[in-house]
Each structure stands twice: as structure tokens, then as C-alpha cells.
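For clarity, chains are labelled A, B, C and D in written order, and residue numbers in each chain start from 1.
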Amino acid sequence: MLDRNGIAQRIAQELQNGWYVNLGIGIPTLVANYIPEGISVEFQSENGLLGMGPFPYEGEEDADLINAGKQTVTMLPGGSIFDSSLSFAMIRGQHVQLTVLGAMEVADNGDIANWKIPGKMVKGMGGAMDLVASADNIIVAMSHTNRKGESKLLRQCTLPLTGVGCVKKIVTNMAVLDVTDQGFKLLERAPGVSVEDIKNATEGRLIVEGDIPEMRL
Amino acid sequence: MNKVVANAREAIAGIEDNMTLMVGGFGLCGIPENAISALVELGASGLTCISNNAGVDDFGLGLLLQKKQIKKMISSYVGENAEFERQMLSGELEVDLIPQGSLAERCRAGGAGVPAFFTPAGYGTEVAEGKEVRYFNGKPHILENALHADFALVKAWKGDRFGNLVFKGTARNFNPVMAMAGKITVVEVEELVEPEALDPNHIHLPGVFVQRIFQGSNYEKRIEQRTVRSRD
Amino acid sequence: MLDRNGIAQRIAQELQNGWYVNLGIGIPTLVANYIPEGISVEFQSENGLLGMGPFPYEGEEDADLINAGKQTVTMLPGGSIFDSSLSFAMIRGQHVQLTVLGAMEVADNGDIANWKIPGKMVKGMGGAMDLVASADNIIVAMSHTNRKGESKLLRQCTLPLTGVGCVKKIVTNMAVLDVTDQGFKLLERAPGVSVEDIKNATEGRLIVEGDIPEMRL
Amino acid sequence: MNKVVANAREAIAGIEDNMTLMVGGFGLCGIPENAISALVELGASGLTCISNNAGVDDFGLGLLLQKKQIKKMISSYVGENAEFERQMLSGELEVDLIPQGSLAERCRAGGAGVPAFFTPAGYGTEVAEGKEVRYFNGKPHILENALHADFALVKAWKGDRFGNLVFKGTARNFNPVMAMAGKITVVEVEELVEPEALDPNHIHLPGVFVQRIFQGSNYEKRIEQRTVRSRD
């Protein structure tokens, strides 16, 4: 089983040189800590920042420089600042090559739900609906099951949707899966996790073809 | 051409009950602190506020919520404060949640005279309910309308008497597009400068969109999530 | 009868303090020479310039600073530069208070034709269609009749339209007229021009009520 | 991240017959002189060029017209040159004239993932033929589609290896929106600088929209209408 950092580390392997990447709040943010050597990517923050760097050293925080999670950040050389409409022009116009975000549920047709639980306080979708509707390449980072042990990889989402048919890949604490026309296709197992474990934890259609390698971190 | 007014109170003169306001900022970054304070003093109520977020309990739009001046929020992400949650759950406060990119583009569209446009964001979700769906290149899109406001309250870093604006860092965010979409756009700046002090080639928003501008004061610029790394 | 400068001078009387104004090519350009004292306006050039100043002194021309007529210009303090989409956002969004442009024909319902003569080389509408469709306040500057002596103020345009029902006011070498629901309403006569002259030179519906004063320049 | 290529020839590699190109500039101001020259050498033909204007006989897109490389022009104002007129009147050259503001917004829409939008420009004229009409607030608008290009050829003043761009004066014009809308956006700059030399707060177009950038040379920057006033 992977921890949060393990999930982030595995996702970082998907990065390609020259990509612009938008990382959501939570596990996705950690991906920035595991950029493979020799790979140069730029991080986009949808509040209007490209070339986002690490958090500032204490005392160097700038109230006028935050990320989409409202955290103080820094900028790297080559970065740029822009307004919200240009920021989403980048996203909607598919100039950002990869979006990594968390989810409450993913369906085996690529539907995603990650913004609203009926009956609970709803904070809003922020930029998530724009991101999932536009991005060509969406990786979901999440735990395979919820706190009650129920699968989050479903035949059909039960929560209100964030987007339809948009998720391409999922990295959980148990597995790496592609979303295909036939359902979730198992690509890799987390260390110490069996195919059987994954089958038991996956409610949606799961395709297991041949040997499933353990992921390398 | 001189759009300078003396202070925040003068700048927001004319805001009345039940008006629609756009308020710039992302979280607490780049919010019009002075105009909000003046609006709390003015006491106009029944307001519809279009703003990406709704502030925190004791700062930003939270101050207007405390005074129950807001009837409806149009935002992409809210609820960082308890009073907001209480008012929303009790039904005192109407909340219209819309995708952040659609919010930004709808403001820009309002300012740019584009009454409606198609976007993929929200298709197949409750955001799309009641909206026209159309396919372009095989991909479904929904029709979104432009947003307008009686007043836009905007914060910039520097500005001149023509209303030309320069923003700083991510405090830019929604401010320029909301400035475009206000019938009366009120701007507060940290530094009111002479026109000659701004490079015409580097003005983020031309003064043509601005009706009133004033020198703000006592900026708190509160940080919502102070996040640092250690120096090891 | 007014000459081109006279028409421009009369139109300049319509300027109000604080207005942003877009001046078309030809007679409209001359309006900038007659701004009344005490009135401060800013000129917008749709290629991306606000705060346009006079032509440069010889030797001070800058190839990177031109107006929509492709002439070298200067900028005044308080001016700004922007791209074409923001420029037309200003125009379409009605942030420019007055547009002055020339025309080949104007109909008494406010239709305007000024970009195309069938059978002749067509250069294009440039920004004219955006300007006439968007501006709240459009003044047409033109001669009352064409070279053949035929009226340019018509019951209906004969040439392909630039915009429909958009012209509010017309200043010609003979008269100042408003466009109303009932047709052209004569407001002023040019020096030495009689109401009878104007009636003879106007093909569209003309409303003449009471004494028509001679314009003051 | 390094998008720098050695020269114009390398920058336009991949432009093939019958492709659609966007070419920045207004008149001769801010045109990609080096890329156009390289394209004349390359000799690709059957091109559709989206550009506000079509150059003059011996400069700008006029050079491509002389070589009969252009099949179709999509512009707002053309015909400042004899060869253009000849090809157009003889039917060799297709010309699609569209309002300047719609041209700019359609390019931006292409880059911004907005497939279509409503605008009042052109309603009731031949521009509206075959287009959907819809009323908003009692005013008629027509639906315009986004424009895209296989390549966008753009000229900036300064740029860095990330593709971040700064334009100068009215040479900005269509360049940023066309840069947004190209599948491959090729930028030539007068000064290729280190990233540190550009203020992140004052970049006109972020590098995310740019695929290739090179240092241009021998800029002529011809003036179309040299207009001066006397010093009296």
C-alpha cells in the first residue's frame, strides 16, 4: 500500500519534459516534490500563476503571491502572472498538458465526483469543473476506498458529478489504472498489494489482463 | 481626465440596497479592503455579491456577512467562515456556485460586450441544468451568459488619475475582469501615482474601464494559509 | 456650406468632458484638431491604443506606434497600449462613449453603408462593423450628397450595409440631423444653406419643425 | 524548459501545403518579418492566412502573394497592394472579410477553448449570412465560431526561452491572441533575453502558449503611412 507521498511519487513518473501541469489541493500538491531528474515542468496555479516554486522561507511570505490553495508560494525564473480569465483560457484551451486532482468517486466511464456531498456543507467546485472538462490528460490521485472501506472506483458515481467521461488515469494507494471504454484497466499494483486485493476494493468494471507488475518507485 | 475621489466613502457613493456588486480578489488576496469597510459603514443591504470567494469570518466579505448585508453570493468556492455556513444552511443566504473559469470568463464577457459563450465546463453536472447544450467538434458545451454589476469594487497596486491600473503578483486574479464588467468601477490602489510614472506598455488594465479611483490606506493584506519551508 | 474642417469642428462641439472617443479615417480624424477648451477627452485607436496624441515631429516617427489608419502617431500622458481583443472589448462593451465615422449612405432608420461597393474592389470593413454595432453614440461625418449630386441621406441604403439602425446623428457639409423613429430630424443648417437646399439634397424622410437655426462654429 | 530554435527556417519547419496560418501584425506594424521570409524560401503553397491585413506589394504577406503561396485570406481589411487585387479579381485568391473585432475575439476564443460566442458586430449585414441570430436584452447578436491555426507566426519585442513575451507599442495588436490560437506558435523576437530580464508581473503573454522562439534579425519595420507634423 502506498501512503500519500507514495501516490504523489508514482504520479510524478508520468510527467514529461516540457509539460505544464496543474496540481490540485491535497495529494496532488505533493507531486511537485518528486519531479524526476532531467525533466523540466512548469506548474500552473489557476489563480493566475505559472512557474510556481516551493513555499517561501519563513519571513519571506508575500501576501500578494499565493497559490490556488491560498498558500503562500514563490515563483521560479521564467514564471509569469496573469488574470483569472487568461488563466482559464490556458486551461480551457488545453495549453496545460496535465491536471492532477483528488476525487471522492470515479466511475469506470471516466465520470468524476469531487465537489459536493448532498446534505453536507458545500464549499464549491472552484476551478475543478473547468479543469476536468477541458484537460486532455487528467490523473486522479486518491485512496482506493473511503473511510468506511467502500470502493471509490465505481460502476457509476453516486455523488453529484464534477465532470463526465474525463478521467484518463487513476493512481491510488493500491494501484495504477487507466480508464478505458471497457472500464478500469489495471496497470500496476502497489507494493504488497495483490490483484485480488484490488479486485475486492474495486466496485466498477475491472480489466485484468496478463501479469500485473508491481509499481517501481 | 481625473477620476480620483477623496476616499472609500466617496468612491462607493451610490451603492444602494439590492444592487449587484462584483468584488475582486482570490481568497483574501487582492481584495478591496477599504471599499468593503466603507460598505459596512454605509450599510446597504440585500446585496448580490459576485466574488470568487466570500472571505473569512472577520475579514473580507465576511464583514458584510456579519452585518447581514448580503442576500446572495455568486462564487466558485465559499464557506471558509462559520457565519457564512450558518446563513447558508438556515436559508438566509442564497448561494450560486459556478465554476471558477466560467466565473472569470462571464465577467470578462460582461465587460467585453459578449452576451453569451459556449464552454465545456460543467457539462453533465448540475451547473448545466437549464442551460443550452451544443456539440462542437464532437464535444459537448454549455451556453453561459455574461455577468454584469452595478458596481465593481476592485483593488490594484498602482493607478493614476486616468484610472490606468497595475496589479501585483496573484493579487491580480479577478480584479481586471471585474473592473471591465462594472457599470461603475471603483478602484482602490496602494499607490496613486502620476500618469508619467506608469509605462503605457505595461498597464494591466486601461483606465477606460474605471470610473472612480482612490488611494487606499491601512492595508492589512491578511494571509489565509501562511505556508513556509524550513531553512535546512 | 461647410468644408471638411468645418464638419469636424461642428462635431467637436458634441464632445463631452471625460469621454473616450474613436475617430474613423478621413473627416473624423480632423475632429481631434477642434476639441473645445475645458473639455478633456481621450482618443481610442482600435489597433490597440488609448490616449493617442498628435502626429510625431519629423524624425520622431516610431514604426511601433501607429493608429488604425496606419499613420505614425504619438501618445499622451495617461495613455495605454493593449492587444486587439481588449481593444474591441472596450468597443463592444460600450466603454467608448462616441464613435465618429464616415459613410457612403445613411438611411432614415439609422442604417449605414460605408464599406463596400458591389463590382468595385472591396478592401474590407476593418473595425467599422464592430464600432457601429456596439457604440451607443455614433455620429456620421460626411458630405450631404455624392459626387454626382445624389443624396447620401436615403429612405433606404442601396449599398451593402455596415450596420442596422445604429446611426444617431449626422453632420454633413449642409446640416446637423438626428436620426429619429420618424426619419432625419433637421437640427441645424450650415452657414449659407437654406432649409429648402437641405430638403432638396435629402432623399430620406426629413422632419423640419419650427425655425432651424444656423450652426455656430 | 527551452523553446529556442536557431533561426526562422527551423522555427517554421513543418509548415506544409494547404495549412492554415495565423500571422500577427496590423498593417506592417508588428509583423513576423523573419518567419515570412523563411516561408517564402520554404515555398509551401495553398495556404490559408488569417491576418488582419495582407501586407503591401513588396513586404509582409505581399511577399507570399507574389509567390502565389496563399490560397485564401481571412482578414478585416486588405488590398493595399496591386497583386492582391489582381489575384482577388481574377478569382485566384479567395478572400473572407470579417469584422476586425470579431477576428480578434475569434482568435482569442480559439486559444481560450471557447468554441463560439455571440457578438452584435455584423448583424443585418452580409457577415451575418448563414449565422445564428439571437437577441439578448432586445439587441440582435450573431454567433461567431472560434478560429484555429496549424501555425501561428508571431512577432514580439522581447522574449525568453520559456516563450514569455513582451510586445512594444501598437506592434502588440493581434500577436498575443494569435499566439494563443496556434497549434504550433512560432515567435520571433527582437531581443531574446534571459528569463531573469523579464518582470513576471509584466509579461504580456505567458510562454505556455508558445512552442518555438527565435532571435529575429534585420528588422526593416517599414512604416506604411509616415505622417508627421511640422515643428512650427
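Assume a contact is a pair of C-beta atoms (placed from the backbone, for glycine too) under 8 Å apart; a residue touches a chain by one contact, two chains touch by 3 or more.
Small disclaimer: the values here were computed from a predicted structure and weren't measured.
Contact count check for A-D and A-B (C-beta pairs in contact): higher for A-B.
The chain with its CA mean position farthest from that of subunit B is C. As a whole-number value, the distance joining the C-alpha centres of subunit B and subunit C reads 36 Å. Averaged Cα coordinates give subunit A a centre that lies 28 Å from the centre of subunit B. Distance between chain centres (mean CA atoms), subunit A to subunit C: 55 Å. Contact with two or more other chains is made by residues 81-82, 85, 88-89, 91-92, 134 of subunit C.
In subunit B, the residues touching two or more other chains are 105, 108, 112-114, 119-120, 167-169, 201. Taken together, the chains touch in the following pairs: A-B, A-D, B-C, B-D, C-D.
The touching residues of subunit B, counted against subunit A in their complex, run 26-30, 52, 75-80, 85, 88-89, 97, 99-105, 107-108, 119-127, 157, 167-177, 204, 221-231.
Touching subunit B in their complex are the following residues of subunit D: 105, 109, 112-120, 134, 136-137, 141, 145, 166-169, 201-202. Subunit C makes touch with subunit D in their complex at residues 45-49, 54-58, 60-73, 81-85, 87-89, 91-92, 111, 121-130, 133-134, 160-165. The residues of subunit C lying in touch with subunit B in their complex are 18, 20, 40-42, 44, 50-51, 75, 77-82, 85-86, 88-96, 134. Contact residues on subunit D toward subunit A in their complex (touch as defined above): 1, 108, 110-114, 160-162, 164, 180, 195-196, 200-201, 203, 206-209.
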